[in-house]
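Several structures are given next for inspection.
Below, subunit A partners subunit B and then partners subunit C, in two separate complexes.
Up next is the complex of A and B:
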């Protein structure tokens, strides 16, 4: 019996991109949901991770007519790309955090949003390093197959590896946030000054969390180039990515790890199904479907933050002992 | 009983000025005027030096900077008023600017001139501002700075993509004749719209904002509300009405900024988002909540961005470092200034340091926290015992 692999591959794409967003959402949830650090520059850390990984693992691409070429050709192993992406994103997060983390939430949001936009401008324009608007192409896949159904196998392995990553991240983060260290994070979120008063160096905790969150966003960047073996800086890392992650975390429930994963699958499901609907919709409507989807995302943000700020899966209630 | 006659004395003006007459300047005003004068002289001197060293044509960048500054200032005044009164950063302000530009375009396309379009946009956006507060932001009062930021991002997404749906993504152009630059020196020209009309309207808005905030009851109520909400309420100010009025003013200022921005190039749905970071930088550099700070910050941000362009062009030359697309990097300059100001003077260059107040407040908070913990612990112990 012949299976229509097209649909399977499409669903595989949905799952793998949902995993990318789930990793981003876990990073943001650790920062905002648990510690109360409001990061508006998610797209920037995501971009840095994606480019670091792509540059580290891609074989040499000499400039040719129509392609400017980019820094790289190191051909490192793919796992090394993941570690480098986390490292570089995490270190960038520390560099951004040192001057800005003492600021009020709204100043921090503006500073991080500006950071993400500057990073994106640099990625678009710094052609010798990033190949400009064309982006990096020919990024190696996790596993290569040949013969019939090779595309299906490639997508399947990406989904499999992604599922393992999500599972590992969930378990590790669960132990982290339930540990005494995680308790300090929630204390910082609830009342930073009181936490200081009981002798905790809150800046140090916030710095650690910001760096870990940034590293997770870098990991998401690496997994993004695994799921889609080329980069396109203008659209993939626009501020809209950051806003989508906010929706995912708010929908799922801030301060709830399962919620972030569920939120990512739900909200990206909205985007994915809107793309699928595009072929079914009448011709007059179909070009505006992505915009209508973003309007729905915006309305969702407003309605949720007003009426159900705790999300679908609310944070576990903890009793003072 | 006979009412004693009012003593005939000082005029109302003199009384209002503490008996010192109309043109008396307080010491603070004198100091500010002096600083402003020094800054102006330094700026003129810098430009004279640049012109002497690199030729008159380099002043084109200064003129462009003044034009960008005007647009940033008109938007930043609106943003800083909302920031001061409602205590959150309105991330939708850029999209509100774009909405104003498109409303003016819509009126213009339906047969009225662009001037009527601008006036209509001014009025329509005032209504929109009131609507935003009524439907969204009044429900988020007292929930800290982050929920309104999230809601404003949602609002921005709705506005931006609403424009994309209704007006399509094609770049629109106001039907204004393309005036050529007026040459004033060899290699130096000013554009009647970009370099004369825009700064003139910017100045008009700055002056009207100053008059509004200094001499009208509404303006004084706005400043009082921004300064201390509880105190303003206790004094009998209807802070709800003041908030609605502030939203109306903020959004109508933004609409005119949008028209000015649309006149400099095309109208695009993302035009406002692109300028939003400049406006935020201007507001923070100047000091949040202070309209005069917004003016100062807007000048610093707009001028430094445009005047850094020749530097990047120089860096782009192959014999220097050969940076590709060098002029695109000028957008990083406002960000760098923003970060430096946030590190050194987070209260802005025009604001006043709250150091003493916050230190006292801090000690108070810690004491309170410890006391409440102790009380809770004692209560818990008591419960266990009983």
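Up next is the complex of A and C:
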């Protein structure tokens, strides 16, 4: 039976990257949608996770003509890469949170945005560690296949593992946000001062959430290098990534976990389909398609904010017995 | 004179000062509150009453002075720590948690709720559930007390202004406070509800709690408070029984008018 594996692989890429964005969106939703912490440095935590994972698991890549080499060669198991990515991004989040989390929302946004840009600039320029703009190559795959359709199987395993991760994250996050702990987060979002005045150490709750969100963004970085075997810092971690995640969470519905997943698949779906269209469109139109996509996303956002500001899947009211 | 006169005060404010830019909002203010009393704090707008409440509750840090709660210094402590020591406050403009239900608003007042620790949530779900169950029962009790039981599962933002005032009090009571600072508890509340609210405060006082309240409604101040403290330009200028304060020339000049 002849299947056009090209199309399947292409769809597999769409699902894989949607999962990357969904993990980022879940992390940001926990921080902003549930707790009201406006993190503008999503791309920075994402980058740190991706590089940590890549450096931990990649075999030695000595410098050669045309390739500068990078820190690493540790060849740790892929799962260890995931744990390290979460750990390093989570600890970075704590380090960023300690001086900045007391800031008002707008100042926090400026500080975190600057953090992400500093991280990206360092990744571009710190060649001995990151291989600079050339990036890290030869990152191991989750499973290695050979023979015909090996590319399809590789993509399929990425999708499968990603689906399990999303499912586990959804179950665990749902459990914790619907607990009394999660109730305090929503209280902080509504009115931090009033939450303090009923006896909650709000800074402690914000710190926990910022760290967990940061760790999730690190996990997204690890999954990103599972979906794509090379890493380059300039484009994949630009501020536009952070802005996309905001759009995904707003469109999907802040304070709703399913909303983050749906928002990621929907908004990235627009990007992915615009790329497909670009190939099909007449030459004269083709260069405009990315801009048309941005216009559609912008228009979608405006319409949504006017007519359904709570997002497609709104936050549920918790009716208690 | 009430029965506890002579006993050490539950709350004592000593020479507290707080400036914002060039404005001395609270200037060398000293006062003390007897346990199990209902004490009124009156004074013209801008006298520093709400600022003083925020300082006592730990939301503002005083520039100078000391505050004692039941014999222990609390100035400089964070607000949540002061709540744990038995003092909480409400706001003049209600700070209801808008997108949480009334019942959820109350549950946040629960102290030592094991489910508010993430590790317990993940590892001790049985203990978390039983704790939560007890706190819900307690919250239902407080809702009945404040006549909000019919609104338990409504969003707080859906409540009327007067109901939000009740919610503020109910949430404060959930912290099981020894003393509650109430910032204009009956402002904007209809007379019947205001009467009920003050009756409730009287009953709670008889149950052992202390109330310190800012109020402009002279009917409440004169008929419901045991003692009245008058603030003017950042410090306490007079104190005494409602009748004596009403007759004090300083108070008439600065606040009540001739």
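Brief remarks follow.
Going forward, the second predicted complex is superposed on the first by the 306 of 321 C-alpha atoms of A that agree within 3 Å, B and C clash if a C-alpha of one lies under 4 Å from a C-alpha of the other, contacts with A are read in each partner's own complex, and residues count from 1 in each chain.
As a convention for this text, a contact is a pair of C-beta atoms (placed from the backbone, for glycine too) under 8 Å apart; a residue touches a chain by one contact, two chains touch by 3 or more.
All figures in this text were calculated on a predicted structure; none of them were measured in a lab.
Superposition of the two structures on subunit A leads subunit B and subunit C into a clash.
In the superposed model, more residues of subunit A are touched by B than by the other of subunit B and subunit C. Judged by the touch definition given at the top, the superposed model places A:302 against subunit B, while subunit C stays out of reach. Legend: residue contacts after superposition of the two complexes on their common chain; A:317 is shown touching subunit C, with no touch to subunit B. Once the two complexes are laid over each other on the shared chain, residue contacts for A:191 go to subunit B and to subunit C alike. Once the two complexes are overlaid on the shared chain, A:250 sits against subunit B while remaining clear of subunit C.
Contacts of A:179 after superposition on the shared chain: subunit C is touched, whereas subunit B is not. Contacts of A:124 after superposition on the shared chain: subunit B is touched, whereas subunit C is not.
In the three-chain model built by superposing on chain A, subunit B overlaps with subunit C at stretch 164-172, while the rest of 164-172, 200-208 or 218-226 show no clash. Shared contact residues on subunit A (touching subunit B in one structure, subunit C in the other): 191, 193-194, 196-198, 320.
By the touch criterion stated above, subunit C contacts subunit A in their complex at residues 57-59, 78-80, 83-84, 88-89, 91, 95-101, 103-104, 107-111, 113, 115-118, 121-122, 128, 131-132, 136, 152-153, 155, 171-172, 174-175. For subunit A in complex with subunit B, the residues that touch the partner chain are 32, 38, 99-100, 103-107, 109-111, 113-115, 117-118, 121-122, 124-128, 132, 191, 193-194, 196-198, 239-240, 243, 246, 250, 288, 291-292, 294-295, 297-302, 305-306, 309, 320.
Every residue of subunit A that touches subunit C in the complex is listed here, in rising order: 175-176, 179-181, 183-184, 186-187, 190-191, 193-202, 208, 315, 317-321.
Residue ranges of subunit B in contact with subunit A, taken from their complex: 88-89, 91, 136, 139-140, 143-147, 149-151, 153-158, 160-162, 164-165, 273, 277, 280-281, 284, 324-325, 328-329, 331-332, 334-335, 338-339, 342-343, 346, 362, 365-366, 369-370, 373, 376, 380.
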